[in-house]
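Here come two complexes built around subunit A, the first alongside subunit B, the second alongside subunit C.
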Partner chain A sequence: MHAASEAILIVEQLQVSYRSKEQARPILHGLNLTLHQGETVCLLGESGSGKSTLAKAITGLLPPSAQVGSGSLALAGGIAVDLADDNGSGSIPWQRIRGTELALLFQDARQALNPVMTIGQHFKETLLDHRKAKPDEVESISCRLLRKLGFTDPLVLLSSYPFQLSGGMCQRICLAIALCLEPKVLIADEPTSALDTVSQREVLSLIRAMQLDLGLTVLLITHDLAVARAVSDRVIVLDQGRLVEQGSVQRVFSQPKALFTRQLLAYRSQVSAPAKLRSTRKSSACLLEVRRLHKSYDANQPIVRDASLTLDEQEIVGVLGQSGCGKSTLARCIAGLETPNAGSILLRGTDISGLQGKARREICRRIQMVFQDARASLHPGRTAQQLVQEPLQYLRIGNKQERIALASHYLQEVGIEGEAQYRKPPQLSTGQCQRIAIARALVLKPEVLICDEAVSALDVRIQAQILKLLKRLHKQYRFSILMISHDVSVLRSFCHHIAVMSDGRFQEGKQASVRLHESSQPHTQLLLRCAGDLEEVRI
Partner chain B sequence: MHSTRRSVSLIAGTVLLGLLAVLIAGAHWISPYDPVQQHAAERLEKPSAQHPFGTDRFGRDLLARTLHGGQITLLSAMAALSGALAIGLAVGLAAGMFHNSLLDRLFMRMIDVLLAFPFMVLAMVVAALFGTSLFHLLLAVIAVGWVTFARLARSVVLQARNETSFAAARVLGASNRTLILRELAPKALSPVLILATFELGSLILSIAALSFLGLGAQPPTPEWGSMLADGREYVLQSPHIMFGPALFIMLSVLAFNLIGEGLRDRLDPYEKPQL
Partner chain C sequence: MAVLLRKLMEALLTLICATVILFMLIRLAPGDPAVLLLGQPSEVAAMHTEVYEQKAAELREQWGLDQPMAIQYVSWLGRLVQLDLGTSLHTGRAVSAELAERLPATLQLTAAALAVQLLLGFWLGIVSALKAGTFSDQLIRLACVTLASTPAFVTGLCALLLFAVTLGAYEISSEASWSRLWLPALTMGLASMPQFARMVRANMLAELGQTYVLAALSRGLARRRVIGQASRNALLPLVTVTALSAATFASGAVVIESLFAWPGIGKYALDSILRKDYPVIQGYAFVMVTLVILIHLCVDVLYAYIDPRLQRKRRQVTRGVNEHA
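Here is the complex of A and B:
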């Protein structure tokens, strides 16, 4: 579609490796990349495939441990640099390239903004440093841009600080700041991965709209197939530092050539396949009941209000909601990490809310939780074996031999075998860490397992594997699962019932996941629409 | 990736401290003189082969006094530090673990008051109340010294409490004691130890300063601070009297600061290079 337009950015033979203790670990193996005027190119790959390294290499933001073996960068307007010069010598005039030629959008927008500066000061700094405006023009330029990006009250925004704004708003503001210098190319590194589906859609449609409006060239880096499909013209698939496939978005998604692309697509359809779970369970007794739960840290801003939910024996219930809707707080209340202000949590009819000391620890045997960031939940200095033994030690279950035997058994169940049981988290992959976390939760033989976004941070491939594992364990050990997620497709493929949470409450009770789309609730409809192929972004 | 450059200060500090320790511990063998024995005939002698650091106004050998004084100064600094460290860690961990409880608030206000109090004045009050002795001096130093450790430990604990691993340990059934000892204490320990090495240097200085003012070790006990005070009167005619203790104070503070810096490079999570 843009075949005839001129090349605006050419990267040739880019080789980057990271030096660690002993050896250099190659990340990119001689990558070539060409962007044409006005197109959106999506760089698709799993974590560790080198896609962020590429973005950092062409903007001169590589960490000191990175070594550029070779590579050249040519931009429209005759700028050409040898990236191999970037190894600490500082001979490349990045100040002239970054911002005005190439603009960057980061994953975590709130961290990209300076917390002690107002949004207005960000604009001022950017515009004045690059001499793009006189001091008295700054306000009008930034207001114009913010209005263009859909903010109705830009003046109020200019005097607010990043922490006062939501993640989605921060990302839109970062986009506005990036655009105020009128860059030729916008490089967006996972710009929506940290956002929930609704904000994700907002940001993506804005990027798309700005691209059409200003004739911007966009390099979008993502691991999310749906995002790639929704906004890009051309897709480049990266696997372990090598370009395995590129082509128009229609071609890559309908007739993938490379084996790796075919696998990626297969995993995605596996994850989002509609549930084939039999929900005709005999005599399902109510196991856990949350009754009119209320939790707030600040009286004016309740996080969970009046939330009620039931979980039957052996049932898998999904809690769906945007970030900030209170679903994680609900999970933490059930797990005993928070004390609710009002309401009750009944486990087989006994109230367990707000227990302390010994009573709370007894409940730990029956309710367990797996966290989003598995790596952070595991102590980096302990081996897998030790980590799984931890709850047994805490609750004084068994003697030493029995603990080792139990831990080995459950580690085998989750697929951590042999020598890997004696490795520590830093030597294990993220997927393996999540497996250990699951084994550690199940070793207590709980009745309820809470999964708080347990697969959200994982690559599609690992996500499919973990979900499959959870399904198998659920069948075998017959516990109930409360699955908290913002991802409709994951929940639909995994849960018997789904309850939609917004603003701290459930608008209606849980409903069969196959019938979720029949819901009349506007919020449920919004979530479903946003999660649906994201196709509508492509206007 | 701990390159050799990074641990240079750690090695240098340890070697220097080891050297000082050997000198001070072997005072008897290095200098045959008794540190308190007076020799009227050899008053205020300049450094010579017989008395490498010279003698003071009572004819006592200054090398012997400096080395023996080191035993007192360094040991008392270590004792004061251990006391302050133990109290500070305990208070900091407890206050952080039970954040916003009555206990926490009580400790924090106490710390505020102590921080607002001039240290020297407090030491003088203690001396005035209980009499001047090295033991009372140490009590005064500990009474003020624990505050910084408690503050640091508490802030580390408050941060660690928000981490996923802490929540995970709680869900897995860890008791408060286990949480403090297994999850929080190890995290608080490394920054507190690093601070301690820096504090030890300033503790040596404040013990010396208080002894200089006459509040610590009493004559004829050799102690670096009081030796400096002795030498002050003769600084114009016999400046060598102050040389020994001054040199050793400087070297030991330097050694501990080097160790502290080296430890910080090794232990500080924020200074670790990215992969």
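Here is the complex of A and C:
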């Protein structure tokens, strides 16, 4: 539909590699890319496919370890940049291109703002440095933009610091700051990956609205198929630094040509397929019961209030909620990482909430947890074998030979075999790290496994694999799972029951996941609608 | 305000604990101050033993040395509040007056040394962070390691030999004048500069790796401005380190002051320790403890002003957000 309009950004033969001590690791292999005026192009790829490197390369922000082999960038208005030139952009300084021609949005918006500067100061320096406004106009310009992006009280925002704002608000503010220079192309690098579904929808619809309003051209970089489908006109699929497919969003999603795209779509439907879980449980004895749990770090702001939940034997229960709703704190209380202020946690009828010392250790054996950031949850200097043996050593289970045998057994169960068992986390992929974390949790034969956003940070392919693995292990070892996530589709495909949390409370007690859409609770409705918007409806 | 009050109370408590320790330590040290003041009996051949004993008893009574420890402490503390630090056993003058004479020289030296450390350390730290891994970075690292591993008195002696003896550019005397300040200040500042420079480098590298630096560059801001922002954030945590060095300088000036014959309170304290002049030693230690506590109090208050994250942590902004439609 935009074929007729003029090209606004052309990248040709972009080759980038990262130098390490031994060799150069190629990231992008001669990539060509054209953006047309006013279109939204989605660059879709897994982590490590080189999509962020592309964004940094065309804004000249690559780290010193990166080497541009070849590549040229042409922008509207006859600006041509040789990206392989080490001295920046040659004749035209990057400062004139960045901000005014190309604007960039980052994944973690809060990190993208200087923590000791107010929002107003960010606007001010950006506008004044480019001489886009006089000092007395700065406030009115920034207020106007913030209002446009849905903030009703922009003056308060201008005097606030980034740490006082939520992630979603920060991303909208970053968008406003980017837009104040009236750029021609907006490059958004995973702008919503760190946000929950509700804020995600908000930010995406704002980007879309601004694009229509200002005639922006948007290059949206994402690994999320739902996001790509919801907002883009054209999709470019990147696999290991090579462009494998491009075409209109309808064509790519309905008739994918490349094998890689087909696989990607298949994994997504696997992950989000509605549950076909039959309750194979014979007894439904209550295993874990959380009664009126209360946790706060600051008396005025309770994180979890009056939360009650039950988990039966061999049951998989999902806890759904936006970020900051207290679901992770709840999980940490159950795992014993935090002590609740009030309420009780009963494991087979015994209260475990305030246990100390030896009794606490025994609970460690029975309740285990898998965290979101797999790599960060593993000691980087230990091998997979040592990592899985660790809890056994701590709880003094078995002798050395038995521990090695147990660890190998569980590592094989999760698919870490042979020589990989003797590698350390930095030498393993994120998916492999999460597998090790699962093995480490299961080696103690726990009765309850808590998964705190255990698949949220993973690519859809790895996500599908890990979920499949968890399902198989659940069937084989018959433990119960408490799955915490902000992703409705993951929970719906994986859990028997789902409970919805918001503002520290359970808005909705657990109910069969297949019936979730029948819920009358407004908050559940909101979460479902936002997820649904991303799934099916184009904003 | 409540926080400030709590900090003040904490500081006061620390000060009281310090005075107790300080009082006990010195009184329990071996040696009789009366004997010390009069000289050893064997040395005073002209005096009869009875007369000597009588004189010593008079002195003990006069100084309150024969009273129980607790009473000595309370009366000492009472005078302390009125800034009466007692009278020097050696010179017979008020300790507060003696200290007040010498304190300015020490503060002058401390401030100058701190300036050397901050300016040089900041500059070298930022340069080596911006040029990390290059030849200049290696060179700065080498210089820092060399300086850090040389004791201050060695550096000082070398400096004296070079500037005073060989070049004749430094006047050797025992007065505190601006023209004599630069060499001891340089020696002192250089001794603590290396660790400061290394910390600046490490913090600066961490800041340069932050996303907000990339984001600022991506908005087309001048590189110099972005580096300025990053270096400000890199320096924030170093305020504590600076306060610690200021305290070390003020109290640790003994060696440098003796070496350069700088008439500060460090040199005076050293002489008094050799003479077992209790009131002076106590007075000196008291001044130093107060100074260090004050410096730390200032740092705590300063932090609240320079780092907005500390004072506003609790206030979350939720206004200005539209309702989810």
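In the analysis below, the second predicted complex is superposed on the first by the 525 of 539 C-alpha atoms of A that agree within 3 Å, B and C clash if a C-alpha of one lies under 4 Å from a C-alpha of the other, contacts with A are read in each partner's own complex, and residues count from 1 in each chain.
We take it that a residue touches a chain if its C-beta (ideal position, glycine included) is under 8 Å from a C-beta of that chain, and two chains touch if they have at least 3 such contacts.
Here the structure is a predicted model, which is why all the values come from computation and not from measurement.
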Both complexes share subunit A, so when I overlay them there, do subunit B and subunit C fit or clash? clash
A:Ser65 in the overlay: touching subunit B, subunit C, both, or neither? Say first, second, both or neither. first
I want to verify the contact counts: of subunit B and subunit C, which reaches more residues of subunit A? C
A:Ala266 contacts which: subunit B (first), subunit C (second), both, neither? neither
So, does A:Met369 touch the first partner subunit B, the second partner subunit C, both, or neither? first
Tell me the contact category for A:Gln95 with respect to subunit B and subunit C: first, second, both or neither. second
With the two structures laid over each other on chain A, which partner does A:Gln164 touch: subunit B (first), subunit C (second), both, or neither? second
Report for A:Arg440: first if it touches subunit B alone, second if subunit C alone, otherwise both or neither. first
Is A:Leu378 contacted by the first partner subunit B, the second partner subunit C, both or neither? first
Touching partner for A:Pro391 - first (subunit B), second (subunit C), both, neither: first
Touch check for A:Ser20: first (subunit B), second (subunit C), both, or neither? first
Contacting residues of subunit C [partner subunit A, same complex]: 210-212, 214-223, 225, 229, 232-233, 236, 307-309, 312-317, 319-322, 324
Once bound in the complex, which stretches of subunit A touch subunit B? 18-21, 63-65, 332, 335-337, 357-358, 361, 364-365, 367-369, 371-373, 376-379, 390-391, 394-395, 437, 440-441, 444
In their complex, what parts of subunit B are in touch with subunit A? 1, 163-165, 167-176, 178, 183, 273-275
Can you check the complex and tell me which residues of subunit A touch subunit C? 56, 59, 61, 94-100, 102-104, 106, 108, 111-118, 125-126, 129-130, 146, 150-154, 156-157, 160-161, 163-165, 169, 174, 177-178, 181, 198, 202, 298, 526
